[in-house]
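In the two complexes that follow, chain A is the common piece, with chain B as its partner first and chain C second.
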Partner chain A sequence: MPIDYESLTALGAIMGSGGLVVVDEDTCMVDLARYFMNFVQEESCGKCTPCRLGTKAMLDTLTRITQGRGEAGDIEYLAELADAVKTSALCGLGQTAPNPVLTTLRYFHDEYAEHLYGGVCRARVCKGLIRYEIIPELCAGCLVCLRNCTMNAIVGEKLKPHSINYALCGKCGVCKALCKFDAVRVTTGNGYSLKQLDRAIVQ
Partner chain B sequence: MLEFLLTSHPLDCPICDKGGECPLQNLTMAYGPGKSRFPVESKFHNEKRVPLGDLIMLDRERCIQCSRCVRLQDEIADDHVLGFQARGRGLEIVSLSDPPFDSKFSGNTIDICPVGALTSRDFRLSARVWEVRDYPSVCAHCSVGCNILIGERDHDIKRIVPRENESVNEIFLCDKGRFVHHFATAPERLTTPLIRRGWKLEVGSWNEALNLVASKFAETRTQHGASALGGLGGDRASNEDLYLFQKLFRQVIGSNNLEHRVGWSATNVGADLVRLYGAGVGTNLGALDKNVTVLVLGADPEEEQPVIRLRLTKSVRWYGANLIVANGRVTKLAKHAKQSLVYKYGAEAYFLLGVIRAIVDEGLENRDFIAARVANFEEFAKSLEPNTVERCAELCHVKPEKIRDAARQIAQSPNLLILSGREAMFAQQNDPAVASGIAALLLITGHVGRANNGLIALYPHNNSMGALDFGLLSEGGLSVREMASGKVRALYAMACDPAAAGEFTKPAFLVVQDLFLTETAKLADVVLPAQSFAEREGTFTNTERRVQLFRAALKPIGESKPDWWIIAEIAKRLGAEWKYGRSSEIMEEIAATAPRYAGMTYAALAENVKMPRPAYGQGNPSDQPTEIAMGELENVSSGKAWRSVAESEPNAKFELVWNEPGQQSPEDSRQYLAVARSLYDRGTLMSQTQIVRPRVPKPWVEINSQDAEQLGIENGARVRVSFDSRVIELTARVDGHVPPDAVLIPSNLDGTAALPLGARVKVEKV
Partner chain C sequence: MVKLEIDNREIRVETGTTILQAARMNGIAIPTLCYHEALEPYAACRLCVVELASARGKLVAACAQPCEEGMDVLTSSPRVQNSRRITAELLMASGAHLPLVEAIAQAMGVQWARYSLPANDCILCGLCVRACDELVGARAISLVKRGLEKQVAAPFEIASAACIGCATCALICPTGAIALADITPAPHSAHDPRTCRVCGEQSLPQKFADVEALLKEEVQPA
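Let's look at the complex of A and B:
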């Protein structure tokens, strides 16, 4: 891949700062797009409508998806918004603002679809789609995670495997970081999207 | 884009002033989706009530940041008082001036705001726009004659909005015209005739009052002769009223004591010049291009005719008109001028003479025109001899090369318009050479009798031109001062207040016909309640000689009657056989008898005509002038202007008049008094509109910084100004707008009425 204007444009990227970002499989593409959209939303001067309000609409939609509250048709809606902003914004900021969304949609369409329809975030980043689990076989029952849990969501007794109360869990990841036995793992796609969980609590 | 806009626009349409005439509503109706894909909870909330100045209220939540108001103020009104603050969705409109939104055109931002973000603090939340009925009318304040719509509901004026007329006001209106309308329905209005019984004015019937007036007039005429009766007709009355007023005096009573210039003392107001050389029909002050040179002489249109200032600025900026501003001080218009010349007050005639001499010296006069239409050029050129450009330049304090440069521009330009304002008129009073100089400048360059050529005299009131047309001038009769000082036995004062304008001695019998119990009315024997312009129909003639028709919007207040009806009733009781049933019949008589008004019946004035709208810059994609139909609304057209002699008689020969410029008054240690006007004043009409009150300035005197330093006066200090036997205390403004040795006082604020221009005054610190 030669680094010149034409080849970068063909890929949907631009020459300049932030034009190319290297990430591994631990970065969620939807979350990445959301992050850039948040940045653009904060940088927008507000003079023209598509940038001032269109990026906000895109940010809101992306946020919704990363929270697991995505709806059928959101991908098409995002593409439509991105096109409207790209073609009608007045300056370079607004015209390139939808690029992260457009390129991730182009190359990582599957990830969007997984978020929406499968409740899966394969990079295990989007909190609405993941769940922390304690593997009973590995848990030594040391109480470290229980004492340090920010939400007091972990229950258990000394030297017995702990478990997580998902109604309280804030998905902060402290338990996973502190566990000396690698007994905490992150799973996704197990049907516990936030929406379903909300519904379960209401019921 | 609509969807984007609606994502952060509040849905308070039910209580929004714009509801019903809102472009955002209309576009959503036409193109918008029926369902929003945007979550309601992410709407942006902001302040709902931000007072943006005294007249405008801003709703930040409704604002869609289109920046139309900022651009209107910057590009059209030329008052850079609005701007943006913050960014992103927090972007908001703020006022950059102190006092906030300090512009005379702030009301226009309400009209152009595409949503209900900018609302009038007067009209706000008082009615739904579709319940307000619009009546076409003409603004009754200054002499521009802006076309307006009076929004009426429940027999009350709810609001006034501009009515588009490309040749008068386009789509603009100044704040005075827009907000100062509460006088029409004020509780202080006179509702019944009042008759003096003993010491008190008591309510009387129309019959009684009119009989008393007629019998007293007849008695005075038999006992003291017709010349013992005098009439003062205000120049705010309509053409019909003024025509009947002069007809009553000239035909029925037989007196020539007629005047209209109450409160302004100029003796020669240039009416004869306008009659001969008035600007050609078809002149459009808002679309003058680079082929037109405009000389604005001794005028301050910003304060006196704001919409003319706005349109001249627009002509200069958009179409490249060549503007020359000459005055004794620096006015707001000067910054747009190609050339801004500041002459010495009192030496206006020498300035004009210098320009004329420079034209003749360089042989730039229009020889063809002179040969065809000027009778005595050779003699005139001879009289110029002793006055070289250098001598004139020295006397008027303008550099000779600047005079020569102005002369070249004036003579070589294909078109020349001269706008002479109030200060030039006052100069004419002291020195007839100013008037003859203006005429000579137009004649030797041949700039008369065509569109975009000739003279426009900027008069003070809505119908000053009409009053001049119908001869309410002391030609052979008594002057205003003589009539007001008791030289007549019986005085009929219609729509004017001489007692408030200066010294006044009540004659033996005084009739006052007005809207309010004015200072003069308090002294009167009979007070007759008249109707305001909103309650009756009629015509006004604006300062460009355009006769415009206005329709009634309100029911009459109390028992008030139109002025023409009252005059006709008095005439009938004096034995005249007048049969006028409606004001249109009077206009038909005027159209048949007055040559200049020939054919201007109501029917003709109401004809639907098409006006070209300039091609550039008005959202017209075709690049060709589009036509807009005038008069579709209730049949009122754009008005008709009467033609000057230079136009109507293409073969008439004109004479150049030579007046030796007045001798310069010897240098005096005291200051020269220049008199200006402020747009907002403390008059009867203004005082009824509460929200404009903070906009009325405190009386001030402008002093040059050099003089101020010598006298030890600082900006904002109280100073005492004394002349003759009068002493007034004012606040000083030191801002370099007046030349040394002169002071400027607006003459229509508290305690500054009837100031003598050109007097020498003494200024000292209190």
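Let's look at the complex of A and C:
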């Protein structure tokens, strides 16, 4: 992949700062699009209609999807908005603002559909679609997660497997970061792990 | 003179004519919102976008784009209509209650908006601000803040001393977002107000009350 003006344009990217961003599988592409849209929406001067209102409409739609509150037709609406803002905005900011949406839709359409219709965030980033779970077989009952949980959402006794009270869990990930036994895992998709979900789909 | 094509019709216009002017002179309708014949083009509403077939289908604002030799302009291609539809739909997000926005949306075939924001009478076309600057010369109001918070306001959001109370902004406003309020005597006016002999209230600036002197000024330009 040569890094020159024409090749980047063909990909839907631009030559310039932030034009090309390298991420791994731990980044949710929908959340990434939301992050960049939040940035340009705040930068919009508000003079022209498509950029002032279009970036906000795209941001709200993306936020809705990442929170697991997406509605049928959201992906099509995003694509329509992004195309219209790109072609009709007054200045370069508005004309490039939809690029993160357009490129993630083009190359990671599956991830959008998973968020919207499967309730799955495969990168396990979108808090509305993930759940922390303690694996009883691995949990040593050391109380580290229980003591450090910011929401006091972990219940359990010393040397006995702990469990999470989901009514309190804020999904901050402190328990997973501190667990020395890798007993905390993140699941997505209606409480099932991705592997379970894949298996269910295959069956 | 420049020769160009608008909707496959050959048109000749004076150099410097905008696409919008050329189209309207030839009976081709292009919708506008922030455009006013008496004001400089603003190119902000993006409703007047047209497709330049001669420039790889680029969309430009017809109100601000001067005609160029050999241009091939399409005023109602699918791309143009699509763009206008989304723009109208976005305007409906906070202005669906305004008859003007409703009429525009209806003309574009938009029945309802898939997105909504708190209702706002101001559509930020900037006509009031530009009229106050270009026509009146008072510059009493301006567009303040940015993005979604952008609004029309007097400096520091306090009654402006530069305002002469001419009501041009209220008259030019297409949505009726600017209301007139009788706040005589004008607070901290930079203009010397004239006292009414009957009611004793101060309203009209002395300079504008002296009609004869004003007319002389008009007749004999310095």
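Assorted remarks:
In this section, the second predicted complex is superposed on the first by the 190 of 203 C-alpha atoms of A that agree within 3 Å, B and C clash if a C-alpha of one lies under 4 Å from a C-alpha of the other, contacts with A are read in each partner's own complex, and residues count from 1 in each chain.
In the analysis below, a residue touches a chain if its C-beta (ideal position, glycine included) is under 8 Å from a C-beta of that chain, and two chains touch if they have at least 3 such contacts.
Treat the numbers as computed from the prediction; the structure is a model and nothing was measured.
In the three-chain model built by superposing on chain A, chain B clashes with chain C. In the superposition on chain A, contact of A:N38 is made with neither chain B nor chain C. After overlaying the two complexes on the shared chain, residue contacts for A:T103 are found with neither chain B nor chain C.
Using the contact criterion defined above for the overlaid structures, shared-chain residue A:Q67 touches neither chain B nor chain C, since it reaches no partner. Within the superposed three-chain arrangement, the count of touched residues of chain A is higher for C, of the candidates chain B and chain C. In the superposition on chain A, contact of A:L90 is made with chain C only, not with chain B. Of 57-65, 147-155 or 471-479, the chain B stretch that intrudes into chain C once chain A is superposed is 57-65 (criterion: clashing C-alpha atoms).
Comparing the two interfaces of chain A, the one with chain B and the one with chain C have residues 41-47, 49-50, 52-54, 56-57, 60, 77, 84, 88 in common. Interface residues of chain A, counted against chain C in their complex, comprise 41-50, 52-54, 56-57, 60-61, 73, 77, 80-81, 83-85, 87-90. Residues 41-47, 49-50, 52-54, 56-57, 60, 64, 77, 84, 88 of chain A are the ones touching chain B in the complex. The residues of chain B lying in touch with chain A in their complex are 1, 3-5, 7-8, 37-39, 42, 64-65, 67, 84, 86-91.
Contacts from chain C toward chain A in the complex involve residues 43-47, 49, 59, 61, 79, 82-83, 85-87, 90-91, 93-94, 114-115, 117, 124, 126, 143, 145-150.
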